[in-house]
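The structures come next, written out as structure tokens.
Presented sequentially are two complexes of subunit A, the first with subunit B as partner and the second with subunit C.
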Partner chain A sequence: MSDNEGGAGAPEAKNEPITIRVRDQTGEETFFKIKKSTKMSKVFNTYAQRKGVQMSSLRFLLDGERIAETMTPQDLELDDQDQIDCMLEQSGGL
Partner chain B sequence: FTTKDKDTLAPGVWLNDVVVTLFFSLLQNTVTSQQKVFFLNSYFMTKMFDDWNNYDYKLVQRWFKELDLSNANTIYVPINITKTHWILGIIHPQKKLIEICDSLTRKYNKKLSIKRAKVYGHVLLLFMEDRAKSRSLGFDITAWSIVQKECPQQINDNDCGVFVSIYALFHSQNVDIQYNQKYIDSRRPEILQSILT
Partner chain C sequence: MRPFNEEEQRSIQNAIYGYGHDEDIISQDGMDSVQRQSMQTLKPGMWLNDEVIHYFYLMLSKRDEELCKIDPTRQRSHFFKSFFITKILNEGSASCDGKYEYRNVKRWSKKVPGKDIFKLDKILFPINMGNMHWIAAVIFMKKKRIEIFDSMGSDGSRYLNALFSYIQDEHMDKKKTPLTDIDEWELVPTQRATPRQRNGHDCGVFTCMFADFLSKDTALVFNQNHINQCRERIALSILNGKAII
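Our next item is the complex of A and B:
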């Protein structure tokens, strides 16, 4: 991955932006173009703002695992067009 | 784990998904890999079976990739129902058995709870079938059964999340499941403590 001499011929530079698809529970997808080094919190915040909901009521998951806000696409090994899930807070008493 | 999540552990408050899922991940740490016991999260059921009651395996086909669920001994699934109720699904792949534990099967809820057990039990069964098939494993759906298991009952309208957590704890540790509402009341601070440490 990084032992590419000179970088010549590397199709994707290290910090080329990628598109991430956020899929909600209704199946609706929202697209985000971000750099691989950008913290996911930026995506989460923007998404919550766009949807007009509090970020604390949203959960973002990659293949079933909750994504920490401080992670980057690089940490998560996300590639262009990869999809993450957005789910709503759950609660129950009765 | 935010203050908002923590506050759901106060007496009388409904537990949220973060608390339940964190507690289940703590339980995962109490078993060894040889035991082949898995504790899944609360998003799993909601993802594959939405509030409009559509089941879609594709939505979870990449989930828990590294877990050999088809050959597990026991799989614990916390299930959230329309953001109001928690029940527990226990899958026993070796025994081809799915148990549903519902702490709210009181008289006026009886019919509803039986229906819930059938529906959510069936979704778990369909998942197990699709999972096996996706890995080219045989699966005889007719050999399986789904039962609603008798379990301790809540006497209020707010503790089902605690009942689900404690049932999974006791069951997975092979402890006799004999407790009541009073005991459950005392467990909220202990769940908080175990999450914080």
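Our next item is the complex of A and C:
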């Protein structure tokens, strides 16, 4: 996306922090305030630590697709108050 | 299914049995990846996790894209993740576990080829049941048929109903009109001829193979005896970055 697009009513500075909501399967939401240029890995690691679970067992999704750790909110076109889903690893054999 | 050559055998063995850290990334494609510990679930007798199944479905999607380039009359299919059903049925929710809610997946079709599910040929879903069992569901958009493929034989009616509601809600939301001809649609539980597992660990492999065969319009001509070879087929597809034909 071009930085010049701006659009009406979007006066915010390019790297002003935004709040991202992480919603887990139970419906609980955790809020993170981060800069648009910060890698999502920072959010994921903090989240896993707070919940006391292994990062490798968590799946972070935006509109149903995995979010890579190296992406930033800017890459993902996340806006203030946007929500991402945090799902748990699933397994099965029976 | 074709046999593998020596070099392929070696890379399969190395990927499934090789030593290294659990979190090592064995394959990566865009946003999706497979860690070593997930790859190791392809050893005979082990339960598959979501990462392997989703990555294999992504490989099927790559193959589908290529098949559509070769044959312009062919329409694209889409492969959702198992979290689609988890979300649409609020599975695990503290307040409304099991309740159908379209809103939870309303934006997911943005990632569909052409951003329109009604232009697709098929939509394929892996479904995880209670962190115990894997099954597949397919919406045949052109044939107006939704079918469950469960290697344990359950009818999967709650998933059939949820997916039928989904296409109706999606039509209303994106096209602003109700889906017409709803009485022409057929909801089909697992059929007697659907291949069955004969043990307590291979359902994930069946779930991959259902999608593999159905997405290239082939009859489900495999059974339990082929499953360990199928595990290798999944591994090789993941390593090659595209499902093998």
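To be clear about the criterion, the second predicted complex is superposed on the first by the 84 of 94 C-alpha atoms of A that agree within 3 Å, B and C clash if a C-alpha of one lies under 4 Å from a C-alpha of the other, contacts with A are read in each partner's own complex, and residues count from 1 in each chain.
Convention: contacts are C-beta pairs under 8 Å (C-beta built on N, C-alpha and C of every residue); 3 or more make two chains touch, one makes a residue touch a chain.
Quantities reported herein were computed from a predicted structural model and do not represent experimental measurements.
On the superposed subunit A, the two partners subunit B and subunit C do not both fit; they clash. Set against each other, subunit B and subunit C differ in how many residues of subunit A they touch, and the higher count belongs to C. Legend: residue contacts after superposition of the two complexes on their common chain; A:Asp85 is shown touching both subunit B and subunit C.
By the document's definition of touching, of the two partners only subunit C reaches A:Ala68; subunit B does not. Looking at the shared chain after the overlay, A:Gln25 reaches both subunit B and subunit C. Taken together, the two complexes place residues 25-26, 56, 59, 61, 63-64, 66, 85, 87-94 of subunit A in contact with subunit B and also with subunit C. Listed in rising order, the residues of subunit A touching subunit C in the complex are 25-28, 56, 59, 61, 63-68, 71, 85, 87-94.
Per the touch definition, subunit B reaches subunit A in the complex via residues 2, 4, 8, 13-18, 20-21, 41-44, 46-47, 50-51, 60, 62-65, 80-81, 83-86, 104, 157-161.
Residues of subunit C touching subunit A in their complex: 22-23, 30-33, 35, 37, 41, 46-51, 54, 80-84, 86-87, 90-96, 105, 107-108, 110-111, 128-129, 131-134, 152, 200-204. Residues 25-26, 56, 59, 61, 63-64, 66, 85, 87-94 of subunit A are the ones touching subunit B in the complex.
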